[in-house]
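Below are two complexes that have chain A in common, paired first with chain B and then with chain C.
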Partner chain A sequence: MDENSSARLKRRLLGIVYRIGLFLAMLTICLPGLWIVISSLRPTVEIMAKPPVWIPQEISFDAYVAMFSGIGKGGIPVIEYFRNSLIISVTSTVIAVAIGMAGGYAFARYRFRGKSSVFLGLMLTRTVPGIALSLPLFFLYVRLGIIDTHFGLILAYVALNVPFTIWLIDGFFRQVPKDLAEAAQIDGCTRWQAFWQVEFPLAGPGIASAAIFAFLTCWNEFALASQLTRSVSAKTLPVGLLDYTAEFTIDWRGMCALAVVMIIPALTLTYIVQKHLVGGLTSGAVKG
Partner chain B sequence: MATVSLTKLTKRYGNIEIVHGIDLDITDREFIALVGPSGCGKSTTLRMIAGLEEISYGSIEIGGRIVNDLPPRSRNISMVFQSYALYPHMTVRENLGFSLKIAGAAREDMDRRVAEASAILGLDTLLERRPSQLSGGQRQRVAMGRAIVRDPDVFLFDEPLSNLDAKLRTQMRTEIKKLHAKVQSTVIYVTHDQVEAMTLADRIVIMRDGYIEQVGTPDEVFRRPATRFVAGFIGSPPMNLHEATIDDGKMVFATGEKLPLPGQFKANVATGDKVVFGLRPDDIYPTGHGISSGGAADVHQIELPITVTEPLGNETLVFVEFNGTDWVSRMLNPRPLRSGERVAMSLDMSQAHLFAADTGKTLRS
Partner chain C sequence: MKGFKPSAPFLLLLPAMIVLAAVVVVPLLLSLYSSFTPFRLTRPETFFVFVGFRNYLSILSNADFWWAFGRTVLLLTIALNLEMLLGLGLAMLVEKATRGQRILRTLMMFPMMFSPILVGFQFKFMFNDNIGLVNNALQSLGITQDAIPWLIEGHLAFIAISIAEIWSSTAIFAILILAGLLAMPKEPIEAARVDGCTPWQTFRYVTWPFVMPFAYIAMTIRSLDVARAYDIVKIMTDGGPAGRTELLWTLVARTAYSDGRMGMANAMAYFSILLSIAFTVYFFNKLAAARTQIGAEW
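On to the complex of A and B.
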């Protein structure tokens, strides 16, 4: 065998090894998700079986039917939870992005006293685990009378997301050359017009990815929500999962079915904006 | 079209003063170049005129109207940036028409003016493209088109050619000159390239460390530099500048070598004065290979060793050793020369320059 053909063979073998490695890695990542979907469709006996049953023997949509059947028939108020989740996530995302844009722009464009300490301070808030704050937050909210309300949770999520949106959007505004806003001002724009006509459209993908991240954080958040909400009027979907736990039993199948219902909107949204998300992340990574 | 007047224009950042109270009057339709090394305050001055930088003291008048505190949009200026600053999310047509759109111009008016500007600059076929699909030269043209469309009182150019390669730069330089002839408006052009300034401008303002060193036509700043700095800055290759001490009608250089004092300066110096002697490469040449501007009496003959030659085809730059350093000379109708060869050189002293060593000011009366 000559050198070239052995090199070719080696390259092919390596290619196969890469693919197998990649498949195993993807399998590890995807399996829990897949397991949730499968578990939502199979009877509890199979879910609890040891060793695990890999291929479901019988498939049924009972859990999904039951979920929407109303109280007493194994149902939970999914529609209400979904509505709460949507209101809270969308509102807090909009607010966090609006503040993030203002803050990010200020950090990217202006010089002011204590700029780096303020920025560092914002980043440090990210190091505090949310759960550590949940008890003080609980007492505070009880005193203020905003426990178990949309407003209370929106407030908490805005505070949670703002440092992150500021940081991300700051990076994107830094990438928009200063010259462009100046050129726009010479072309007759006010400072405000220059921002909306030129800088905002150019930072758009970055702002969109900040919005997605903020939305997903709110949509999936459990620890704070479980402390700060009580009733059907404020509980979000992740907290709703707890409805499937009773004193001695856990309805794993129902829980998995609700998890699937929860994942679908997030997955769809991410899929729609994935181009922006990936483009946004990589281009934001390199600060000019 | 308008005049521009700067009066005691000053810029401070905190305690650091960048521009030190400069005065400048620019007449209507004049092409003025602000030139100087980086950090001399030329760009800051331009940005103050544009309204992108606040002024710390003094005043700016455009067309007889004081604009000190007006925002850029109220000054009726347009500016071409070094980076072109084209809006990447708009097509060429939208870029050109942006200022009109902001001003709320009628659709037909906008189309007409965009068409006019693109015809002048040859952009007709590129109107639907985005800046990312254009070459450097085309982007440059769009940037100029955007400035023309506004029909401003004053055009400001901030090093518009420094991002282009050498060939394109020369080409665009000619286009800018043609453009100025066509649109006939006041232009303030910032550059660090003295060749650009010399070729384009009606008058050149040479700046250094936030002060104006000299204002004059290209001919004036070349032939009668007011300071040692201007002498060294304008002209390529640069003027030979060497310190000397006056001793009884002669200039004595550091190594003890002597040259006769040029006649035109005799009345202005005395024995013991420290001076800087300057001679352009055109005025020092191998005998018979240059053009003498004065009479034969003004040409000093001296034999010097050659260190290096740089043939350029129609001429050769010859480096000769004098006073321990290389002096550059321009040899017309060149013949082959060898390094180390001693050649007879002619120094045209009628074209020499003399500056005071301490102040750097010219000793010409």
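On to the complex of A and C.
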């Protein structure tokens, strides 16, 4: 009886320790983001206050209003940056996914010599750090006259995304049984039809998440964008964020607001894809 | 598979090859060439002067470069190992949860959604010596009275950058390791327990070998992205104070764009490319080995 109760006590204690551990871990993960959201909504006086004000006394959306009301009001041209980011990210995502589908299909469905080394070779192109790649690209783009244009950045981002979309889409096609397409072909489909009517719809959700992943890579990319763009006509949001730090007095609240604007699309999209993303990356890690 | 032209996979891979050749391979060859010239942005004619290995030789004797190199390797070692450990711990915590696992999983992915530049900014804000959350908390709790100069003192800045880096990337490990834990069959663990293994032995000899390929996938993905630290450092300290947090990538950017010494910068860039490739090939091989170990097809 005594042994029983001590075992029960031990178990309860372990349970509590576990809860505390989990809580602390989640707190560490969420706090920085929450702090930014809170800071973007409170007046600058409160951010600067000493001793610190922990609980916001008043909520205001001034930072957001100022940000979207153009350069004149101490803001940066957020609307233009937003538009550039959107155009560049969407276009390069569409192209990268089209190329990635072709490549991923080749890896998932065909056996050919040097398959593993071709795959590794593709991945290696992705290892080149953005900043190292930006040096020759900068030089070439100046020569070709496509520096500071949407086209130049789209081209660079397509190349940046292709290896990873191939990896992901390869994984998703592997999950579609070969037999299905073969059965369709026996029933009279051409290879092309079998692909579009059987394999593509089945791998569809996976391909969509590869697309979202590619979109996020473009949306978040900084190293290349910071060197290949110069002006409002092509600067993206991450580069725009740096506009704030260039000055001596940092407008913390404005930056926080811009950060929130940047994170919202990313947050929504990642939430949608999370399940498929993990599936695609790990397919083939375990048999079955 | 019969009856198709043997060149089908080649044709399918052709667009990818063309794009990568145009944007990555050719520019890299160009930069390889220019690393043998004293090329300066301000003097285009220097592009055609060949100086052999002079840039590389002057790098070898450049103390700043080697400091940056060592610092980069140190940062990667610390960050990758801690991310792995923390990711494993986090994954096991979440896996144990009986309720609300979906919500926990979503929360766990939270840092992945932040772009490195945002991570840098948010930690710059939090580590600000005057108004940052960290110092405010420390002072309110009475642990210290002084404002700790997190981003102004060299070592502290390095620690702050490591923390930012680890915060942002632990999620990748946690997510993938969790996927491994969830995919794992339960019988071997029960069998081990029946056979009298301690929890540690069960973990070490049953769970860990199974989860390992997933950890290596995470490592491979991370090693493709090691240069993300550039964004974080750029915005948090920009290599300062006095070059104390200068990494290879920030040094390359500074040499190329601020000093305009493209040839020298390209020579440095090659070191950082080799470093990245070494990391990736290493983990990719580990991944392939781990996959064959548990009998997956590759």
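Basically, the second predicted complex is superposed on the first by the 237 of 288 C-alpha atoms of A that agree within 3 Å, B and C clash if a C-alpha of one lies under 4 Å from a C-alpha of the other, contacts with A are read in each partner's own complex, and residues count from 1 in each chain.
Criterion: a contact is a pair of C-beta atoms (placed from the backbone, for glycine too) under 8 Å apart; a residue touches a chain by one contact, two chains touch by 3 or more.
Note that this is a predicted model, so its numbers are computed, not measured.
> Using the superposition on chain A described above, determine whether A:D179 touches chain B (first), chain C (second), both, or neither.
Touch status of A:D179: first partner only.
> For A:P238 in the superposed arrangement: first (chain B), second (chain C), both or neither?
Only chain C is touched by A:P238; chain B is not.
> In the overlaid three-chain picture, which partner chain does A:F151 touch, first (chain B) or second (chain C), both, or neither?
neither
> Just checking: does A:F61 make contact with chain B only, chain C only, both, or neither of them? Give me first, second, both or neither.
In the superposed model, A:F61 contacts neither chain B nor chain C.
> Who contacts more of chain A, chain B or chain C?
Result: the larger residue contact count on chain A belongs to C.
> Determine, under the contact definition given at the top, whether A:C189 touches first (chain B), second (chain C), both, or neither.
First partner only, chain B.
> Show which residues of chain C lie in contact with chain A when the two form their complex.
For this pair, the touching residues of chain C are 1, 4, 6, 8-10, 12-13, 15-16, 19-20, 22-25, 27-28, 30-31, 34, 89-90, 93-94, 96-97, 104-118, 121-126, 131, 133, 136, 139-140, 167, 171, 175-176, 179-180, 183, 210, 213-214, 217, 220-221, 223-224, 226-227, 230-231, 234-235, 249, 252-253, 256-257, 262, 265-266, 269-270, 272-273, 276-277, 279-281, 284, 288, 291, 294-298.
> What part of chain B is in contact with chain A in the complex they form?
Result: residues 50-52, 71-73, 77-79, 81, 83, 85, 87-89, 98-99, 102-103, 146, 150 of chain B touch chain A.
> Which residues of chain A touch chain B in their complex?
Residues in contact with chain B: 177, 179-180, 182-190, 193, 197-198, 201-202.
> Touching chain C in the complex: which residues of chain A?
18, 21-22, 25-26, 28-33, 35-36, 39, 47-48, 51-52, 54, 98-100, 102-103, 105-107, 109-112, 116, 118, 120, 122-140, 155-156, 158-159, 162-164, 166, 191, 216, 219-223, 226-227, 238, 241-242, 245, 252, 255-256, 259, 262-263, 266-267, 270-271, 274, 278-279, 281-282, 284-287
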